[in-house]
Structure formats: C-alpha cells, structure tokens
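Shared between the two complexes below is chain A, which has chain B as its partner in the first and chain C in the second.
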Partner chain A sequence: MVIPYILFTIIFWVYPLIWGILIAFKKWNIISPVTEFVGLDNFIKILHDPLFWISFKNTLIFMVVFVPLSIICSLMVALLLNRIKLLRSFFSLGYLMSYVSAGVAYSIVFRLLFSGDGLINSWLGKVGITIPWFSSPKLAMVSIAFIVVWKFLGYYSLIFLAGLQSIPSTIYESAEIAGASKWMIFRRITVPLLNPSFTIILIFAVILSFNIFTEPYMITGGGPLDSTQTFMMQIYYQTFTALHAGYGSSFAITVAIISFTFVFIVKKTIEKDMIYS
Partner chain B sequence: MLNRSQSKFLSLTATYALLATGLIFIIFPYIWMVLASLKPSAEIYNRLIPTRITLEHYRMVFSLGSTGSTSPFVRAIFNSLVVSSITTLSVVFFGAITGYALARLRFKGQNLLKNFILFQMLFPIVLFLIPRFLLMIRLGWINTYQGMFSPFMMSAWGTFLFMQFFKTVPQSLIDAARLDGCSELRIVFRIMLPLSKSVTIIVAIFTFMSMWDEFLWYLIVTKDYNLMPLSVLLGLYTRGEYSSYPGIQVAGATLLTLPILALFYFFREYFTKGITMTGVKG
Partner chain C sequence: MINGSHGISMLSRLGINFIAITLGTTVMSCDSRQARDGSQNIVYWTAPSVELSRFEKKVVEEWNSSHPEARITWNTIPAGVTSEEVILTAIATRTGPDISSNIFGGFAAQLADAGVIVALDTLPGFWDLMETRNMANIIRDNWFYKGHVYIIPVYVNPQLMWYNQSILDKHGITELPRTYSEFFTLLDKVYIPQKVYGLTVDISSKWFRRWFDYLTLYAAASGGEPYLDVNESEAFFDNKAGLAVTEFIAQIFKKGYAPRFEIQDGFKKGIFLASIKGAGDIVRTGRMYPDLEYVIAPLLVPDYYPMDAPVTTLAESKGIALFNTSQNKEKAWDFIKWYFSDRHDSLWLEITNYLPAREDLTTNPIFIEYFSDNPNMGIYAAAFEQSVPLVMTSQTVEVQTLLNRELWQPIIFGLKSPLKASRDANTAIERILKSGP
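Presenting the complex of A and B:
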C-alpha cells in the first residue's frame, strides 16, 4: 500500500532533487545536449550577480515590513476575537476571507485599486495627496508587503487565537489576584505562553518571504528600477526566459540555503526566549 | 466614575467596533472587485459605486475567442477544474492508503518512511521547480494536463494528516472488518475514510484551493492557451493582450475568486479547523 507513494516520491521528489543539485554544477542551456561541468563557477557567479543582491535586499525589505506588521496586526485581531463570544466565528471567518483569494486575482485588484490614478489615489487626492504605491522604487516592495499582510492576516490570527485559547484561564485569574497589571499579564503570561504560535507564524512568514513571485510578476513585473525583483522572479527569468538551467538551479539552491539559515536563526532565538521566561 | 458593568460594556463595544473596522479592510477589495466588474470601464478607476450596472465585461470574457471557437476563458475554467479535481482525488486516495499503512500496518522500513515524510516537508518548493520542469520535458509532458498535476498527485502533508488521524480509530473496528474478510483497501475506504470526514474534507479543500491558485508551475509547463488553467490565462492576458482593458481583468479576477469563495462558504468550519490544526501549508 505504500508502494505508490514510494515510487511517486522517487520519480517526482528524490530524482529531481538530485538532478537539480547535479546541474547546479553545470553550464547548460536546456536546448543543447551538451552540458559542461563548471564546478563551483555558478555559485561564484551568483555572488557577483547584482540582481542576486538586489533580490536579497528586496526580500529583506519585504520581511522587515511584512513580519512585524502581520504579527502585530494578527495578534491584535486574535486578542480582540478572544474577548468576544457573540459573533466570534462570524468575525474569524470574515478575516479569513482574504486568505482564500487567488494570487492572480488579488494582484489584479490591488494593481488597479492602488494605481496612480486608481480609486484610492483619487480619494486621497481629495485631501491633496497621492501616493505612488507601485510606481515609486522606494515604496513598491513595501506596498507588496502590505498586500501580503492583507492576505495572511486572518490566517495568522486564527493560529494566535488557537494559542490564546489553549492558555488555561486559571493562570490569568491567579495573576489578577496577585495584582498584576494588564500589560504585565500580557508581557509575562500571554506572550511567553504563545511561544509555539509565534514560532510557527514566524517560520511560515520567513519561508513565504523567500517565495514571493505572483504579486511582483503580476503587479510590477519586478520594477520600477528592479525594486521588486525577488529570488523567485530571478530563478524564473534565468531558467525559463534566459534558459540557463544550471545557473538557475544553483540560484535555487543558494536561496534554499539562505531561507534554511533564516528559519534556523528564528528557531534558535525563540527557543532562547522560552528558557528565560 | 464608571461602574464595573458600564466599563465592561464600553470595552466590549470598542472591541466590536475595532473588529468591524478591520473587517472592512479585509472585505473592501472584494466589494470593489465585484462592483468594478459590473460597471462601465470609465468608472473603474475613479468611482466606487457604479452609475449603472453592466454585464459588458462578462459578455466580453465569455465571447472572446477566435472565429466561433469557445471562449478561452471558458476552456480555462474547465482546465482548472480538471487539473484541480484530479489532484484532489489523487491526494486523498493515496494519502489515505499510505496514511493507513503507516498508522495501522506493520512492515519493514515503516519508521524510516514516517520520518522521511516529515523530512520531505522541510524542503522548499524552489528546489524542485527546475528539475521537475526538465523531467516534464523528458517525459514529453509540457502542455499536457499530466504535466500540470503529476508533481502534486501525492502530498507528504496530506499523508501525514491522514496518518495522524487514523491512529485514533479503534483497532476493534479494523479487526472486525478483517474477520468479515474485508481487504485492507476496503477497510480504508469503507471504515477509515467515513470515520475521518473532517480530515478528508480538510485535505481535499486545501489541495483543491492550492491547485486552483497555483500560478508559477502552470506558467512554466503550459505554453498552449487552449490548455492553460484560469490563473495563468488571466495572468498572461492581464499582462498582454488585455492590459488596457481593466474591465475584462476584473471580471476574470472575479471568476477566479468566486469558486473558492463558494467552497469557503460551504466548508467554512473545515477551513478554520484545518488552519488551527496548523502544519497546514502556508
């Protein structure tokens, strides 16, 4: 009964994984039958590829906006949801609505809604401001991060809410009796006991930051001035437009290693916090 | 000074007010999308409420198509449905039998396989994109349905979920079925699956949704407009031929969104359950 799974995994998982690693050390343009072993050249080339560093920078900008904003907002929503009984499932489902939206669909919507002469700017124009959401190189990546916050707000809130509900109310009661202030209770009880939720959300958020593709592809095409180029856009471009399969593959491996490192750092730091509190 | 119940009432009101405000931000893009798809093109950019309702964009979407052929959008919806449904059935079928074997049978290498499935979930998708594409070329599956769905036919995540749930089914049920001469396959589909309705629905809806939304993989393996799923067709049209027809883009976006919204509405409690079980794909 497990044979189909094993066969499938060998063909579509193990074999591609190994193949991908092997071609990362080769120079190959997909079309020609000739492949040339180049050792670590591809990896060295990546370090000298300005677009690699631009994508890295853009990913960091995305993370710096997306991670704190989505965590703060979704924690707030979860805390609010945790205070109510009536209509709780109505609200949590309402917040989840953005999560089920398809990437291409909401990219179209936000691109039009926030375009230079779009509805949001025509409203803002009434008070004398217009914001170049996607046309300013400084702002474009930040705007994309906002959109992704919109998408995942409800999803992360639900994870936080599940975490909040697993905290026994007796802990809160005894803290109140001991005279702890609300802020103290939040800082010393809620946050530490939500540690598993924080960990899983941070890991999701970091992995997601390295996988951004549809939004910049659909909204900005990587521009203006490469300000929304991402790793995935580069891998797509190198492999499927420029046909540098070997280079694309080594790019993918480099990105995977970087994202592993980030996830590892997140895990380590949070585990440390756990011990202190 | 407010007394205790008054201040409690106030804080509860504030809670609801904040939640409602936040909800407007979540829902507004949807409202805008539906309204924009129904209003004259000239009003898409600068008016929220249309002066008149028109179906012209939908008419365009459904009639586009060169000389008498069906609209590419209708075909794309069909393609999306085919690819997403096949994948969903396959993930549930193989997830259930593999999960059953791992949870309830004894065989050589069982623990190895269990650990391997957990190990698989650690690998980011980026590592597989290029070699799987090369594999599709080698198999001659570019521009085919199987090229689109084959890499997703079995999922470590789905298998893991089934395995976890099947562990909780009482052994006596399995023993009784075996005494009656049931085959192991029959046990999975006649006993285990009916008892695990919620896991089955969760695996099915999340798989269907992720296949319906999938963009990058389809973009890579389909070049033929007749075979493209809706997400890619809409994406390419928006960037290409119809880049200056916002009405068609928004109507297409609405068509891409509605089926999943309907799914969400009918299976809403399973969406929340699936997410709180965490480990659900991000």
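Presenting the complex of A and C:
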C-alpha cells in the first residue's frame, strides 16, 4: 500500500533533490548534454556575486515589512471573524479569494493600478500627490510586500481563527470573573495560547520571504536599481535566461540552507509547549 | 471477503499497474510525431501575436492541403514572459518543436553553441533560397555565427523617431530636430512640468528593452558601428558615441524631460512629444489611437555627427531555426524553403505590417502598391537600407543585463556620471565576454 507513496517520493522529491545537488558542482547550460565538473567553484562564485548579497538585503527588507504586517493584519481579521456569528464562513472565504487568485493575473492588475498614471495615482493626483509605488528604489520592495500581505491575509487569518476557536471558553470566563480587562485577557491569555498559530505563521512567512518570485518578476522585473531582485529571480535568471544551470542549482542550495537556518531560529525562539491549566 | 494482507497486496499491485500504465502511455506518446497513416508530423512554433498568427495559419493551411505526407502542426509559442525562456524550457524537457520562428540572433547563438539547432547553410539549396529571396547580402554581412548560418531572418523592425503632430502644431514647429542640442532647444518650448514630457524612456530593467533605446541611439551616434567585438571580447560603450548617448539620456532625466515612473502609452496619449518606435507600432497605434497624428523622422544624433552623413538605425530582427532534435529535418527544411517566397512575403507584409527581411523592399514591384497605400511603412522600408542588426553573441542577455545594471538604471536615477556609468558598463561587459558563456 505504501509503494505508490514511496515511488512518488523517489520520483518527485528524492531524484530531483539528488540531481539538483549533483549539477550544483557542474557547469551546465541546461540544453547541452555536455557537463563539466567544477567542484566548489559555483559556491565560491556565489559569495562574490553582488546580486546574491543584493537579493539577501532585499529579502530582509521584505521580511521586515511583510512578517509583522501580515501577522498584525491577519490577527485583527481573525479576531473580528471570531466575534461574528452570522456569515462567518462567507467572510472567511471572501478573504481567502486573494490566496487562490492567480499570481500573474493579480500582479498585472496591481502594476496597472499603481503605475505612474494608474488609477491610484490618478486619485491621489487630485490632492497633488503622486507616489512612485514601483518606480522608487526605496519604495518598490515595500509595495511588493503590501501586495503579498493582501494575498496571504485570508490564509493566515484562517490559521489564527482556528487557533482562537481552540482556546477553551472557560479560561476567558475565569479571567472575566477575576476582573481582568479585555486588553489584559488578550495579552495574557489570547496571545500566549495562540503560540502554535504564531509559530506556524511565522515559519510560513519566513519561508515565503525567501521564495518570493511572481510579484517582483511580473511587476518590476527586479528593478528599479535591483531593489526588488530576489533569490528566486536570480535562480530563475541564472538557470533559464543566462543558461548557467549548475550555478543556478548551487544558488538554490545556498538559499535553502539560509532559509532553513532562519526557520530553525524562529522555531527555537518562538515555539512553546502549550498546557491549558 | 478480502482480508487485510490480501487487500494491501492488491492495492500495491494496483498502484504499480497504475504507474506502469501512466509511464507506458507517456513513453508511447513521445513518438506521436509519426502519424498512424505513415505521414510525418512537423511541429512549428511561431510568435504569440494576433497579426503574425493570421499569416501563419493561412500559410500552414496552404502547406497542409498540398503536402499530406508532411503535415505541419502549428502552435504559437506557449505563454511566458519571453519566448526564449519558453523555448529553452521546452528543449530541456524534450517537448520542443521541429521549427520555430521568433528567434533573435543572440538566442540563435546560444542554441548553436549548445548544438541544438541546424547550421542551415549546410543544407541543400540554402544559397539558392537566399538569392531568390534577395537576402544573400543581409545573410553574408550579418547572420554568420562561428562560420555558419543558424537562422533565416523573417522580418526586420528598424527604429525611428515619432513626434506628436498636435504638440508640434500647437507651438508652430515645422522643422524637426536633428541633433541632441536641437532637441533640447525644442523641449525648452514644449515641456510643461508633470503634463507634457519630452521623450519616452523605458525605465524598466528588462534586458531586451535596451534594443529599443540605448542600442538604437548608439547605432545612430556611431554611424552604425558595432557596440561589441565578440572575437576580441571588447565593448565600446565608453567611446565617443557611447558617452554621447549616455550624456543625452542623463540630461533628459536631469532636466525632467522624462519621468522616473512608467506612464502607459504616454506618447499615444499625447503626454510625450517624441518616442522611438518600430514599424510594428504603426498598425497597433492606428487601431488603438486612430486620431493620433504623428511625424516619423530619423533618429537624433550627437552634435558632432556630420550634417551630410546618413543617419543609421538599429533593426531588431527575428528569424526561423530548425532544431537538431527534429526527426523530420528533410521535410522541415522543405517547408522552410517553401515558406520564403515572393507571394508569401507580399502576404506577410499585407497581414502583419512587419517588413520582410529582404534587400529589395523599396524596388521590388510586388511591394510598391503596399507602400504607396501605407506611406509610413515606406519610410521604414527606406530606413532599413540604413540599418544595422544587433551584434550576434550568445551572451546577449548577460551583456544587456549588465548594461541595465551598470549604465541605464544608474543614469536614470542620477547615481553615476555618464563617464563613470559608461566605463563601469564597459569593464563589466568585457569581463563577462572574456569569461565566455
């Protein structure tokens, strides 16, 4: 019974992983059968590649905006959804629409909406303001982060909502009887008991920050001044545009190691065992 | 009744059978190019463009009705940001076509280096075809790569300046500028901050966009000199012409004559006085902005450019290539030879409004009626005689990515002086040329 799953894992996970690791030590242009073993050259080249460090910096900028903003917004939405009884599923599904939307399609829509003469700037222009959302090197990555927050708002809210609904109501009732204020209940009961939700969302958000691709690729193409270049865009560029598949693979492995390190740190720092007592 | 262990073993067998059937079907489907009736099927991909598709559909139908033994399966290149990335992915996954058009010289060079496309000049009748289509000199001068011809250019798209007629009329301007200084003098009159800009300048960092601005202006400023010497791994972006173009673009932004943000269809909406555009824009503009009036003129040149010298431009061009993976090369080559004919070129021009890549555009009687009906296209046909192609290198993408990174974007945002940007671009590009693909 387990054979199909083992086969699936071997074909679609183990084989590509081993193959990816092997080509990371080679020079290969993806379309030629000829490969050349280069040892650790590709990994050494990464450390001297300015685009690697630019992508790293951009990922950190993205993370600094995206992680807190997505957590705060989705927690607020979850708290609101938790209070309403009528049409809760309807609103939950509504927020989830952005998550199931095609990345390419909404990226084009956002690019048109927020362009120099787009709808948003046309409105702002009436009060004499023009915001270079995607054309300012300082603002472009922040704007991309806003779009990704919009996309994941519904999904993260659902995780928080599930967490909120798993907290026993008796704990809240006891706190109210003891005279705790609403803020104190939120700070001392809701937030600590939502720790599993916070942990999982933080891990998802950190992984996502390293994997961001569609939005910057479609909207800014990595510009202006490489301010929206990301690791995934570099891997794609090196592999499929510049035809340096070996280098692209070593790039991917390096990014995976960094990403896992971040996830490990987040997990160790945030995660706590939950005991309702 | 099935007991537990029997159930598991049966499910395992079912799973294995399912995978075997799936793999078997996949393997068998790989050989679907040999049809059941013994005829050969040739897969042909073309650009995903409405106009081009109308032409290709007609031509392929004509071929298929007269060549049942070698039917063409025609598709537009599947959706993607660039055709090149889609074709590469298809080659890597062994799902590519036998023939593909919409291939530019640099990409053909990449494919040739990887040994995946056929050297067409080694096939029988190649030079006869070049002579018949009046493109032998075009091929000899511009399309050789490492001693062979890997691509036959289908069309050429020279770039010229467009000026908004109503803005010119509003300011009583009858004489168009020739040099950068004359252009700036004109802009001093027409420029209105935040309302009327001077020149559309693409601020994006997409590598291929530099064909239509920097490299086009470089072709004009240098009198058609190449911007790279691939054999010597040399770049010329910091020479007199390169510096003049970089200085020109820097001044455009410094004076506010172009915004540092994107404006959709800015020229067509009358927000810009001038724009650099190709012949392919004429029909699109006519369809979307039928009331727009414009004048087409040669490209701007630096002040040092001789008064009596003709102004050169850059002609982007795409062509057709035959893949080595094709099982039906002979028939595919027959199709390519049949594809290039006077009748098809005439039909091509009529339907697509792109200029066929041939030397007799302005002299061959088959095109005269079309150009008299479409005088703006006639201007482009004449300009083709003064055009140069892109330098053929397999490192085109890397070269133009570095041009963006070291020169174009820093100049737009005023982060480097024109001299430093030009020198940085030159150094970085020469380094990449020396390191090889």
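Just so it is clear, the second predicted complex is superposed on the first by the 262 of 277 C-alpha atoms of A that agree within 3 Å, B and C clash if a C-alpha of one lies under 4 Å from a C-alpha of the other, contacts with A are read in each partner's own complex, and residues count from 1 in each chain.
Basically, a residue touches a chain if its C-beta (ideal position, glycine included) is under 8 Å from a C-beta of that chain, and two chains touch if they have at least 3 such contacts.
The structure displayed is predicted, hence computed values, not measured ones.
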(message) In the superposed model built on chain A, check whether chain B and chain C fit or clash.
(response) clash
(request) Have a look at where A:Ile30 lands relative to chain B and chain C in the superposition and call it first, second, both or neither. (result) both
(request) Figure out whether A:Ile159 sits in contact with chain B (first) or chain C (second), or with both, or with neither. (result) first
(request) Answer with first, second, both or neither: which of chain B and chain C does A:Leu112 touch in the superposed model? (result) both
(request) Quick one: classify A:Pro4 as touching chain B (first), chain C (second), both or neither. (result) both
(message) Per the contact definition in the header, classify A:Ile44: touching chain B only (first), chain C only (second), both, or neither.
(response) neither
(message) I'd like to know which partner A:Phe12 touches here: chain B for first, chain C for second, both or neither.
(response) first
(request) Once the structures are superposed on A, label A:Leu60 by its partner contacts, choosing first (chain B), second (chain C), both or neither. (result) neither
(request) State whether A:Phe240 touches chain B only (first), chain C only (second), both chains, or neither. (result) both
(message) Looking only at contacts as defined up top, I'd like to know whether chain B or chain C touches more of chain A.
(response) B
(message) Touch test for A:Gly222: chain B only (first), chain C only (second), both, or neither?
(response) second
(request) Could you point to the stretch of chain B, among 149-157, 167-175, 203-211 or 221-229, that collides with chain C in the superposition? (result) 221-229
(message) Let me check the overlay on chain A: which residues of chain A are in contact with chain B and also with chain C?
(response) 1, 4, 30, 112, 115, 117-118, 217-218, 221, 240
(message) Taking the touch rule as given, give the residues of chain C at its contact with chain A in the complex, in rising order.
(response) 8, 11-12, 15-16, 18-19, 81-82, 84-85, 88-89, 91-92, 110-111, 113-116, 203-207, 259-264, 266, 271, 397-398, 401, 404-405, 409-410, 412-413, 415, 437
(request) Report the residues of chain A in contact with chain C in the complex, numbered from low to high. (result) 1, 3-4, 7, 29-32, 112, 115-118, 130, 132, 134-137, 217-218, 220-226, 237, 240-243
(message) Can you tell me which positions in chain B touch chain A when the two form their complex?
(response) 11-12, 15-16, 18-19, 22-23, 25-27, 29-30, 32-33, 36, 44-48, 94, 97-98, 100-102, 105, 107, 113, 116, 120, 123-135, 137, 150-151, 153-154, 159, 184-185, 209, 212-213, 215-216, 219-220, 231-232, 234-235, 238-239, 246, 249-250, 252-254, 256-257, 260-261, 263-264, 268-269, 271-272, 275-276, 278, 282
(request) Mind listing the chain A positions that touch chain B in their complex? (result) 1-2, 4-6, 8-9, 11-13, 15-17, 19-20, 23, 30, 73, 77, 80-81, 83-84, 87, 89, 91-98, 100-106, 108-110, 112-113, 115, 117-119, 122, 150, 153-155, 158-159, 161-162, 200, 204, 207-208, 210-211, 213-214, 217-218, 221, 231-232, 235-236, 239-240, 245, 248-249, 252-253, 255-256, 259-260
